[in-house]
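Dropping a structure here in structure tokens format, bear with me for questions.
Going by the order they are written in, the chains are A, B, C and D; count residues from 1 in each one.
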Amino acid sequence: QNMKIGLVAKSLGNGFFEAANKGAQEAAKELGGVEVIYTGPTSTTAEGQIEVINALIAQRVDAIAISANDPDAVVPALKRAAQRGIKVISWDSAVGKDGRIVHLNPSSNELIGNMCLKLAASHLPDGKGDFAILSATSTSTNQNTWIAEMKKQLPKYPGLNLVTTVYGDDLADKSYREAQGLLKSHPNVKVIVAPTTVGVLAASQVVKDAGKIGQVYVTGLGLPSEMAGAVHSGATKEFAIWNPIDLGYSATQIAYRLVKGETDGKPGAEINAGRMGKIKIGDNGEAAMADPFVYDKNNVDEFAKIF
Amino acid sequence: MSAVQAIPETPAPLLEMRGISKTFPGVKALDQVDVALYPGTVTALIGENGAGKSTLVKILTGIYQPDSGEIAVDGAPVQFVNAEAAIRSGITAIYQETVLFDELSVAENIFLGHAPRNRLGLVNWGAMNARAAALLTSIDAPISPYTRLKDLSIAHRHLVAIARALSVEARVVIMDEPTAALSYKEVEDLFRIIERLKKQGKAILFISHKFEEVYQIAEHFVVFRDGRSIGSGLLSQTGQGEIVRMMVGRSVDHVFPKVDVAIGDTVLKVRGYSHPTEFDGISFDLRRGEILGLYGLVGAGRSEFCQALFGITRPSAGTLELEGRRIGIRSPAQAIAAGIVYVPEERGRHGAVLQMPIFQNISMATLARTTRAGFLRQAEEFALARTYAERLDLRAAALSVPVGTLSGGNQQKVVIGKWLAARPKVIILDEPTKGIDIGSKAAVHAFMSELAGEGLSVIMVSSELPEILGMSDRVMVMREGRMAGLWERDGLDAELLVRAATGNT
Amino acid sequence: MSTLTFEKQPSRHIPDKLSTPAGRILGSWEALLVAVAIAIFIANSFASPHFLDPWNLSDATYNFTEKAMIAFAMTLLIISGEIDLSVAAIIALASTAMGAAVQAGFQTPALVGIGLGVGLLCGAFNGFLVARIGLPSIVVTIGTMSLFRGIAQIVLGDQAYGGYPASFAWFGQGYMSDFSWWPTLPGFEVVTFEMVAFVVFALIFGILLHRTAFGRRIYAIGNNAFAAQFSGIPVQRTKFMLFLMTGLMSGFAAVCLTSRLGSTRHTIAAGWELEVVTMAVLGGVSILGGSGTIPGVVLAAIVMGLVTFGLGLLNVPGIVMSIFIGLLLILVIALPIVIRRIRSGAAA
Amino acid sequence: MMSRILKYRELLLVAIIVVLIAIFSARAPGFASPESLANIFNDTSILMILALGQMAVILTKSIDLSVAANLSFTGMAIAMMNAAYPQIPLPLLIVMAMGIGALLGAINGLMVWKIGIPSIVATLGTLTIYRGMAFVLSGGAWVNQTQMTATFLNTPRVVVLGLPLLGWTAILVIALVTIVFTRTVFGRALYAAGGNPTAALYAGIDVGRTRFFAFVLSGALAGLCGYLWVSRYAVAYVDIAAGFELDTVAACVIGGISTLGGIGSVGGAILGALFLGVIKNALPVINISPFWQMAISGFVIIVAVLFNARQEKRKGRLILRDAAKSRSPLAEVPVEGAAA
């Protein structure tokens, strides 16, 4: 009988998670005898994810790998899964420590925070000036972690000044309005950093509509396929993202090893992750993948075809 | 099928309905009825409540489709698929309920559905207002076409309804109880209009429960009973008694069965009852076993005053004493507790919950009596309902059918039953027989008398003089929110009351 | 003229009811829902081998228990001719208040009290605007929907409240078998606190609506508020009470949901208002007021739970499930109308 | 009389909006500049157009909760069409969008008209169905800027006389809808069918059919907005305009369109939408924490409704005042023969 691994996305229909699913399917094929059930709620709510988790428990999957909409709210449901013998890991967006065995960070939060600041600075003359953050919802775990990291590392970039943080809720229209408001209320802002695709897209649209291409830049984290237009319009010079395919691939590998009992996933363990090599579990049961990768107009089209 | 008289030397009928039948779930509203209308003639359609009169009207105007039968105009068969089709065939109606649009202007109320249009097919407001003004002038209605309908009095609304009926080039005009809400004077105005229509050769179908009116205005009559045509002929050759016999299938002599009862002490003492905008300085005493008639023109403020007595609205000044004790009434619940109940004028809107069963309507105001510790006891509810249903001679298929399926008269009985169940000391009946047929009317009157005999005090609001004169021990007249007089039974005469009510000296 | 000559006829006998009890039950909305529920149950057990597992079914009840508890109160409110679209926002606000109380060091009993109290206050606010001031409820509660959740958002910002005491978790995660008095019969160990609360509230609201004078008054108000007022029924006060109840039940649902999630964010219970209304309507409650039953809503809750659970087992995405729920809603509403029409068409 | 009261309400709304803009511009200079105002109008265009469709439905005593889902589905369909067949000319695409929207509206309308399902139930059902269909159609994937043609994305942005074509589209729709509502048989039937359905039936108006066409109109406008939305934000995904249906209802209610049907003016609906637009635009601009926005809009909706209700409060019938005006001699005569 096939091993069943439930891959739970924050929400369905998001290109990032679709790409992660590609990686997961690749891993499944490679490992053999593994069926990946890609699922998730329709909108990014914890309640929706709990229903999905319950359905996975009911199907007696062998492992659940989840990118959580809320680090705490899904814990009770995941604990119940663990009680019924299901191996639980989280990836991308973390679950509270007692809800999972391992968490796989797409990159380390420090690196991402630093990368965002680096991108902002590279768009400003001499790396000095005002910038603002346009985030997703005010509850998104990873966005909040990265913003915190950025604030922590800000002193490393003297002259770089964070004016404000606004929330576009990962909705195109709200992000658009917030970005518009930003430009009006903070005319000195020269760079908008959006650690989410919807935000980068909406902000670059605003910059374009306001005729401010070349004066205000937008950067942040986004998918190449979605960002290509903004890059070509000139509103965005560079942006960064890790590879979601690798993320989905690794998560599936780790889940598989846990089910097979090849590892216990305790801190210090090294887990064989196929083509990704060995992944080392650090403190708190967290593991990190590589540095985010920077895209610009020279390479974006190439990657846009992939994810 | 007793009394179909031959009508001598009449012209060919303008409109003929033959063998019309219509069934509603559970009710055969019309069963093979025949009606003919002649040019320049008023035909009165007479029948008890629920006899099927309004149903016939709605079939004639395309609102209902008959199950069988045929309609012919000028001898040629026609079919009315909707109201518009009937209007196009020259049939127009003033319906029993005023069916107009509160929020729209008078002009639009008159022309809605057939508004004048310009070359582009757009509504031509200028022409519409002008034609509406002309039409209103022609019926002596002092109404501006620009007024919003909801700012008009009930009587003026009726004038608008009449103007609407006249706004199309109609050959047949149907009037379903047009006088029910009109005062004495307005009825005369209406009759003048009818005379004019007659002269223009229009055929008129006139429905009314009031025999004086029928004899005054109509030439022909048709009587319906239980959805069948029982008789037709010339009014000049038929006595009222005979028509009543056709209507109810038995003989009923008229009717105001006021029994003299011993009038007791004062039960309710009203002093200086006032309201900022609706009425002012109403004072009177009501005694045990007395029927106090409250007369006035429609819109005189009688209903508003009675509703204040019942706690629907609050008075701005004035005092109430019930059996010697000062009481303040701020809600209907308090009024009911004190023993004052009110049977409202608008049965369907304020009186009965039409969608709910009869027994639940009857127990509605006295639920405490059919509950124990807050829990309903259905058997007792049925028992209570049966008591009053039988006492009022209610006609219904079962106590659990919705009140809305009953005829108007029977609905009124349910509402009265609800209030008798509350065992009141004072009962206020607002237009208790409005739109009710003669049989039910007599029952209501007999009943009122019976109640007074049992020591209940009755306030009866009515716009019908014969009823006021026939039933009241004393009569109070209101005009424009104020008392215009209070008379003992002995000194009453019709002219006096009309003068007080209209303010004509 | 004034002598009584109207001859009274012997009054006719009027039966209490027309149809037989069996006929009434078979023709009822509830019968239709039972049939639908059975059909879905059978379909589910064929579709997935995991469906007929007591623990799975027990987990599945969480899909509807909290919403159904609100739906019971909402049913009464809708029958009275009003609606409350702010229920989900009340959950958010009540949950936020409980979260704040946890930070301030309050313990479980106080938390429950605070959750219920905030629900009650929100209900009172809605009730005041609708029943006292006379504003249309659909608009008022569209406004308070933003207001209540907005306040939660002001308080919480991008933060979450957590750290609920362990004993608090019982409301949303506990099993009745935690009690020694609970029977240890097979099957009884899967009964959760929420399931018991669901049954108890179904009984309370069912009795309240169908067996008391208060319930009767709700029907009268919903069918004809004027006539109700003219019958001495305190229309506005009754409506106010119904808003209070709906608020209270939302508060209770907030306790259960917060306990189940163990954390509070301002997005909690997003979109529940429409699901609660859908549940009531599917249960045969006329959205125009005046009719509906609690047994119907209980069945509707179970039907919705079965559908979402069954489709979940097949890994159908939530939004595709909602297509089924939407279709189910329309079909179940349309079916009786169409059947009645065909039948009366055939009779004529 | 009618126009006077309505005008009064609209003037009041205008005044409130002006005061709001004044307050906001005190905190953020430039908020009241012509470009900024044109920008707010432009931003609110979609809401205004949707509100007009909603208004037609509400006038007939119904409600359309599926407008936003309809917008999402048509937006997705049109964007995918544009991505797959870039050669289809834009006007044809817009016609298709309105056609798909009208079709979805017609489904609502048919259920309300032919089956007799209450509109709130029917559209509550289609609300989830249409959005679900958008998901099924796209498989949940987004249509991105790069996949759509430049004409498709940029046409509504072309600035003519200081206002982008998007804003002009709204003005055109407002003008057309005004003519339809005030000067056509259908428009007047909307008011009649909602104001008093029985009376409308008696006046030869087919209430059901009128409702049906109101839903078709609402659907067609939602379809148009589907295109406008996707081009404005340069992306199409399943969740676009989520929750927007309630905004359209709120705009109508703030603008004095009675949810009981039959009452309301185009001007009112537009002002209601603008009011919401100003609030939504202003808060980020004057730097109010994003966390306050939701509470403020909720509060403002309640206040607006309170305000409306105060105006609508039914005055009494004023029997006495009439009496005072036409004081006839007998009115003065003391109650004669009144019982002591």
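Basically, a contact is a pair of C-beta atoms (placed from the backbone, for glycine too) under 8 Å apart; a residue touches a chain by one contact, two chains touch by 3 or more.
Note that the structure is a prediction, hence the values are computed from the model and not measured.
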| item | value |
| --- | --- |
| Partner chains shared by chain C and chain D (touch criterion as defined above) | A, B |
| Distance-maximising chain from chain C - centres being C-alpha averages | B |
| Of A-D and B-C, pair with higher C-beta contact tally | B-C |
| Rounded Å distance between chain A and chain B, as computed from the means of their C-alpha atoms | 73 |
| Interchain centroid distance [CA atoms averaged], chain B/chain C, Å | 42 |
| Mean-CA-position distance for chain D and chain A (Å) | 37 |
| Centre distance in Å when chain B and chain D are each reduced to the mean of their C-alpha atoms | 41 |
| Residue numbers of chain B (touch at least two other chains) | none |
| Interface hub residues of chain C, defined as touching at least two other chains | 153, 157-158, 317, 319, 322 |
| In chain D, residues with contacts to at least two other chains | 135, 140, 238, 291 |
| Touch relationships between chains, expressed as pairs | A-C, A-D, B-C, B-D, C-D |
| Touch list for chain C against partner chain B, complex | 1-9, 11-12, 14-18, 207, 211-217, 219-220, 223-224, 226-234, 290-291, 344, 348 |
| List of chain A residues in touch with chain D within their complex | 12-15, 18, 42-43, 138, 164, 166-167, 171-173, 176-178, 180-182, 184-185, 198, 201-202, 205, 209, 225-226, 228-230, 232, 304 |
| List of chain D residues in touch with chain A within their complex | 28, 30-31, 36, 39, 43, 135, 138-142, 144-146, 157, 229, 232-235, 237-242, 280-281, 283-287, 290-291 |
| Interface residues, chain D side, partner chain B - complex | 1-2, 179, 182-185, 187-188, 191-192, 195-196, 198-206, 262-263, 315-323, 328-331, 333, 335-340 |
| Residues of chain D that touch chain C when the two form their complex | 111, 115-118, 120-122, 124-129, 131-133, 135-136, 140, 238, 246, 249-250, 253, 259-260, 289, 291-299, 301-302, 305-306, 309 |
